[in-house]
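What follows is a single structure, written as structure tokens, with notes after it.
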Amino acid sequence: MSDLEKPQRDKKQFLEDLVRDLVASYQSESSMQHLDSIFLPNRQKTIEIIERLRKLVFPGFFDEQRITSENVSYHVGELLVQTHDLLYEQVHQAMCYGQNERGETDNECDQCCDVAMEATEAFMRKLPELREILADDVRATFDGDPASASTDENIFCYPGIDAIFTYRMAHELYKLNVPLLPRIMTEYAHNETGIDIHPGATIGRRFCIDHGTGIVIGETCDIGNNVKIYQGVTLGALSTKGGQDWKGMKRHPKIEDNVTIYGGAIILGGSTTIGESTTIGGAVFITQSIPSNTTVSMDNLDLKIKPKRERKNK
Amino acid sequence: MSDLEKPQRDKKQFLEDLVRDLVASYQSESSMQHLDSIFLPNRQKTIEIIERLRKLVFPGFFDEQRITSENVSYHVGELLVQTHDLLYEQVHQAMCYGQNERGETDNECDQCCDVAMEATEAFMRKLPELREILADDVRATFDGDPASASTDENIFCYPGIDAIFTYRMAHELYKLNVPLLPRIMTEYAHNETGIDIHPGATIGRRFCIDHGTGIVIGETCDIGNNVKIYQGVTLGALSTKGGQDWKGMKRHPKIEDNVTIYGGAIILGGSTTIGESTTIGGAVFITQSIPSNTTVSMDNLDLKIKPKRERKNK
Amino acid sequence: MSDLEKPQRDKKQFLEDLVRDLVASYQSESSMQHLDSIFLPNRQKTIEIIERLRKLVFPGFFDEQRITSENVSYHVGELLVQTHDLLYEQVHQAMCYGQNERGETDNECDQCCDVAMEATEAFMRKLPELREILADDVRATFDGDPASASTDENIFCYPGIDAIFTYRMAHELYKLNVPLLPRIMTEYAHNETGIDIHPGATIGRRFCIDHGTGIVIGETCDIGNNVKIYQGVTLGALSTKGGQDWKGMKRHPKIEDNVTIYGGAIILGGSTTIGESTTIGGAVFITQSIPSNTTVSMDNLDLKIKPKRERKNK
Amino acid sequence: MSDLEKPQRDKKQFLEDLVRDLVASYQSESSMQHLDSIFLPNRQKTIEIIERLRKLVFPGFFDEQRITSENVSYHVGELLVQTHDLLYEQVHQAMCYGQNERGETDNECDQCCDVAMEATEAFMRKLPELREILADDVRATFDGDPASASTDENIFCYPGIDAIFTYRMAHELYKLNVPLLPRIMTEYAHNETGIDIHPGATIGRRFCIDHGTGIVIGETCDIGNNVKIYQGVTLGALSTKGGQDWKGMKRHPKIEDNVTIYGGAIILGGSTTIGESTTIGGAVFITQSIPSNTTVSMDNLDLKIKPKRERKNK
Amino acid sequence: MSDLEKPQRDKKQFLEDLVRDLVASYQSESSMQHLDSIFLPNRQKTIEIIERLRKLVFPGFFDEQRITSENVSYHVGELLVQTHDLLYEQVHQAMCYGQNERGETDNECDQCCDVAMEATEAFMRKLPELREILADDVRATFDGDPASASTDENIFCYPGIDAIFTYRMAHELYKLNVPLLPRIMTEYAHNETGIDIHPGATIGRRFCIDHGTGIVIGETCDIGNNVKIYQGVTLGALSTKGGQDWKGMKRHPKIEDNVTIYGGAIILGGSTTIGESTTIGGAVFITQSIPSNTTVSMDNLDLKIKPKRERKNK
Amino acid sequence: MSDLEKPQRDKKQFLEDLVRDLVASYQSESSMQHLDSIFLPNRQKTIEIIERLRKLVFPGFFDEQRITSENVSYHVGELLVQTHDLLYEQVHQAMCYGQNERGETDNECDQCCDVAMEATEAFMRKLPELREILADDVRATFDGDPASASTDENIFCYPGIDAIFTYRMAHELYKLNVPLLPRIMTEYAHNETGIDIHPGATIGRRFCIDHGTGIVIGETCDIGNNVKIYQGVTLGALSTKGGQDWKGMKRHPKIEDNVTIYGGAIILGGSTTIGESTTIGGAVFITQSIPSNTTVSMDNLDLKIKPKRERKNK
């Protein structure tokens, strides 16, 4: 073997070994691959659906062309058809995937198509109603924030509106028992905004989020009307020691109407209820129910203010 | 009617109904649409402006081609012209939008052009000065963080620098009374970094943000020189009950020179001042003014450490 | 000079002045530009590497085409070659950059190539092992979260998995002394997820992050096996007054095996150790070591619940 | 001056000299540049208009999504609006450009808008009629070519249909006195197909082109119904010595109904008429009128067939 | 009705009328639309198949990454799988389309899948053999053209090689009775090169095209080995009066081995045979058979050379 | 082996066989692959160079942004740098490729860099002069064509100008002995316009092409000033029997000043000279020299005009 050939042969060997080892690793860690499967929905297309729904719900804000009263019907019609078809495709994939996960046979795949079409159309039919609900959310966000210059600004660039919009879409699909898609959608909003709302949570009207980064709203939360929450608020589970054993149980708090929760407050537990019209102060830590019409802050929370000692280093 | 035709006719009806309902919903919720308007600035183009400004401010870091001393003038000249034109277009849109929002008549639209051109050129002229200010920010960030390997690393991948850069650009447009654009810019940075700085805030030189996610700096904050803040810090309003009634009032704290605020600290209120050279400890909750040259932590903050009880389940 | 010519001449002057001033500003602030340099790695390509590695590690999840047992070897082979070449290019840039930063002469550039190739191949060879470690992380994430429907959902849309995946890749390059790239990678994940893990941190197996936004894990953290942490947790330095003087010292806590840390807890200091099997409660602030097998919460942390006073305004 | 600096200074000088020389050359050759002008239409957008018109005229052939009877109205409506707006923009640019070329003052620019809008709407209104005419062209193409498998194949991939379609669109704009755009359109088709039809030519119904490459149809041609021509046919001017002096005169032949012209035939001259139902043979060269109902070939056109001589070389 | 509303109402009416008329026109001209159909193959994807086949046949010429002996198997494997899947999809569409055109019922659609898969695999299996044939074409092109610098130049930029490559691919699919696709492919090459070879033509080995523009080779041509043809050559039908009645009959000439045909020659008719080793001169017009081993030129073809008369005009 | 596994195993086998056969075919046909080579220039980038040169030569015609006198220097500077770098890269590749083809050793690769840089700079320096020459071509094209509305139209959409522009660029590189690139450039123009000018041809000033499709101008053509040629004209070699043996000899005609050649004329042979101010008629076939100041047409070229016989079929 000449010297010239040797390194190439070595590189070829290196490559072949690595390919073989990786493919072997795919076979041994079956939870880490999705080979031979046709059912997984497509994350990128699911995000595209959300972006098209955003244009349908807020016409004229995110479009590249100008929409006028004269042409809006054509625009909406075309967009609806595209969104409907994209959504049907992904709902169908998700339904087949769900069936497969539950170990059901392939024979009922025709049924998948029907169920997916029903879910898709039921969702689409809800859009006008969802717009009404979102209009209230936008109004509440504007009314509650002196820094907001107009509802246009809210729609255009408030992460709170972005997260609520995506949650309301995803929650509707969640109620229609569509697997995976709702979570992909809310995690997309989580990525964009830092606001993590589980699609299973129940949230009333005129919901308002300010700043938002670091908010967590768990799967079994139940939130009333006119609720306002700030950045860093957690509405979470008390403990997750049980892991999957807790599945399906109520693990997250109930927040009644007209409650305000300031930044960094942590409210935990499935039997915790924050009563109507109560205000939770910033950074409060709560694992018990709170009566209505109260304000809550930390007791004994005094500041320790000391003069600075002379720093030696630096 | 044959069986074959029926489903199609149904689908057509479904589509027509939905289009009609959505269009009707657009008409009834006028705050949720922007039909027939020509004035809304374009979010995507505004983001493009920020990206081009980033290349102008940090030449050689984010360019795809190699920039050398020989060609830098041409590169900068071309980039400046493009940025200027893009910015003028969006500032003009924003100015017209603002005029329209204030109910002023269209007749003064020529004036819009002049005002927009003046604002654009005033902004562009500030760029060399803004670079100087940012150079101080970068230096302060490097000096204050032992984990940072070089100022290149800071510029290249620190979300703090990204957020401060965007704030400094947006603040300049804010001072020039350009509507909407500054907020679109800072919310873009908020999305990318989790750091939410209102473009109206006033921030001194050598500002340093570490880690950053979850930081909120409100509209009427006033921050001195050499201030350093960590992730999760809120410089917010004490209460927002008043909502839009509070508009224009000072609602956020004043932070004097040389203050350091550790992670998770919450400082609220328009009459709250943190005195010069004071250090605020992590997770401290403050709604009152703090004297200079002190360190602040929570009093009575003892840990309750208990041996674990035998867990029965799991 | 005619009136027509005047404004144009002015605009030309404006442009020339601005270009001259900006170029002058580049020369005076040398830390803010990278002109005449060939060594800086490319941020966009580094992100592309991470995305390709994601496809190699989780085949079938993020691909646009269907991967089957029949074609997986070709797919992996092709992807490996592309990833290898892209990575080598960026590692080489980074190595040259590092050499340049250390003031070493150009003469040893050949050595750069060899070192870069060795690092690239060493990294690639680790991929099957890294997949095993990540499979444990995925499994732990699923087991610990009742809201998670399947490991597919975890891989598909959990920011925790995204951040851990990126950290594990970046940490491997960090151990191989590749400059800049590891930090670009983890800051990319930080941007996407709000989870900030320094590539220098040491993290054991079966690591689980829930929700995640606002988590900070510092450079010299040392985390054991089976550790679970929630949103907003900081594992940070006690003080960074020393700035660059602290470089290389242990500044961040040690977390032993089987520890759980709930949301918003802040644990600081290089000599702080959280003992084995201990549970840290939400929002706890710790700057001291904690024994094994304990649960920690804040003492004296009572709520102050007051009935609401009649609000006058609003 | 050190050796290191010299080449760079040289390169800088080289660059500056070249930029200065090129800019000087722009100033001296004013016909070769379009600086300071706002009026030139955009070639790329004009091509985009043609592509959208193709989708409007042949729905379902070139669309990426599936068009059905249910959604076709929305699709057409949306596409019409987009095409209308794009076309108006380019027609307006072209109208202003034409006005400027004719040396007319800017004051009448408002009139430009009106004229452009009228032309655009007049064009759009013609579309259904143009579809009828094109349907006849397609049918004639199919009927006349045994190699064509279906009218679908003709529409899908016959360069003849492509060129006729583009001509018919461009001719309509030509009749509306829109400058530049019609020629940009037909030259685009010329590029794609090798068929060069001047938009000013007059062409009757059921026009059929076979193969097509190399066909030239001049500006003042007048072609009747049911005419069929083959590749390489020229319908041109007898001499162009006069150049621009000939502008506006009839320089190209008249072809009456039911004429067939075989491949490579050249027919020249503004007073040349090919009478009704006549057939022109391949490669015939004609500069005179030809009576109706005749067949024309070259006289004295015998082949000289010689046995091959022994070749010495090769 | 106010003046302000009137134009808008008019525009709306204009739009609605036009949409209605166009949709009506779709319904009346059924040959001009493809609504409600799922079967039409996709032109863009068919072109993509040709481009991928080009990379498979000429590895290393048109790839963006570097292909080496070490990685070529992975590269080819991945590309083969992608090409196979794309081709199967389009062949399937084309097969269904063909079945539909023939009026066959949908019930046999399963059969479509099988037939499409067989055709796809039969085609793919032919690729190594097709490469051999193309290698001969490339060699013949190089040998015959003193202006060609290397076979690399031939492969890289000779339109003749481009057209022959595409013909050879399309002809193989034609032999497998795949509808539409072969013609889409050769018309794509026709667009690119001006060389129009019908996929049904039969062409022997070592085929060489020089310059090429304007060449037409008809459906029933039969061309032997070692044939060379120049730009503007037509191998066509004598008359197409019969139109579709001629379908399936031999309408184009037979060219035997070792024939050379110079530029602009026109050879017509299904019973015309050019005998072995004969040379046809430029611009010769032939409608009869020619014996072997002869050279053919036009007889009586003398030039008329006249001194120029004094030009008066110009 | 179960039935389920069988088809998959078969498909895997099919794939593996095909990959193996194709790779084997790569090894046996070495002229048909470019594996393991680093030297081949990139066709796509070469086309990009031509497009950038077009923008440099005709500023304001093909740019997406508006170029004004104020910013033209920056624009040109930036574009020049990009074009220079792209061109250097491809010239360097081509030089290395050429060296490799000539069997020269790798040791001289440094020399390649110098030679490539010299060629690149020599080319760039020629741009202002090439603009002057092209300005004459544009003017001649406008003057000679009554159908041309303005020089803008010529530049914007005349394939003749496109082909001449590309030829003039390519010819300059040809004179600098750059391999491959010139031919890639002219074949790109050939594709776009159907005009095939070999980069080695010599062409004087004020060259004018009308319509253009099907024009062939061979490698050793020598064309004077003020020459005008029409579509389908061939300036070719008399015979190419000798193939590669003819390399480097004069094989194509000489065309003296002020000659006009009408459509379809074929002029062949290296010793053929068309004398000054002569006019060659359409479709004339010439293989001998022609004196100056004459007009040439075919003698004995009478038309045979016969009344049509009654057609029976059709």
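Each chain gets a letter, A, B, C, D, E and F, in the order it is written, and its residues are counted from 1.
Following the convention adopted for this analysis, a contact is a pair of C-beta atoms (placed from the backbone, for glycine too) under 8 Å apart; a residue touches a chain by one contact, two chains touch by 3 or more.
Note that the coordinates shown come from a computational prediction; the quantities given were computed from them, not determined experimentally.
Once the Cα atoms of chain B and chain E are superposed, what angle does the rotation have, between 0 and 180 degrees and to the nearest 5?
About 180 degrees, rounded to the nearest 5.
So the centre of each chain is just the mean of its C-alpha atoms; given that, what is the distance between chain E and chain F in Å?
Whole-Å distance between the two chain centres: 22.
Where the CA atoms of chain A average out and where those of chain E average out, how many Å apart are those spots?
The computed centroid separation for chain A versus chain E comes out at 52 Å.
Where the CA atoms of chain C average out and where those of chain D average out, how many Å apart are those spots?
Chain centroid spacing, chain C to chain D, equals 57 Å.
Check each residue of chain F and list the ones that touch at least two other chains.
Answer for chain F, listing residues that touch two or more other chains: 15, 19, 66, 68-69, 71, 73-74, 76-77, 80-81, 194, 213-214, 232, 241-243, 245, 264, 283, 298, 300.
If we use the touch criterion from the header, which chain pairs count as touching?
Applying the touch rule to all chain pairs gives A-B, A-C, A-D, A-E, B-C, B-D, B-F, C-E, C-F, D-E, D-F, E-F.
Under the stated contact criterion, what part of chain D meets chain A in this complex?
65-66, 71, 73-82, 85
Tell me, which parts of chain D touch chain E in their complex?
Those residues of chain D that touch chain E are 56-62, 66-69, 72-73, 76-77, 80-81, 121, 124-125, 127-128, 131-132, 134-135, 138-139, 142-147, 149-153, 155-159, 192-194, 210-214, 228, 230-232, 241-243, 245, 260, 263-264, 282-283, 298, 300-308.
For the complex, give me every residue of chain B touching chain A.
My answer: residues 14-15, 18-26, 29, 31-38, 40, 43, 97, 101, 179-180, 183-184, 187-188, 190-191, 194, 196, 198, 200, 213-214, 216, 218-219, 232, 234, 236-237, 240-249, 251, 264, 266, 268, 277-279, 283-286, 288, 290-291, 293-300, 311, 313-314.
Inside the complex, what are the residues of chain D that reach chain B?
These residues of chain D touch chain B: 8, 11-12, 15, 19, 68-71, 74.
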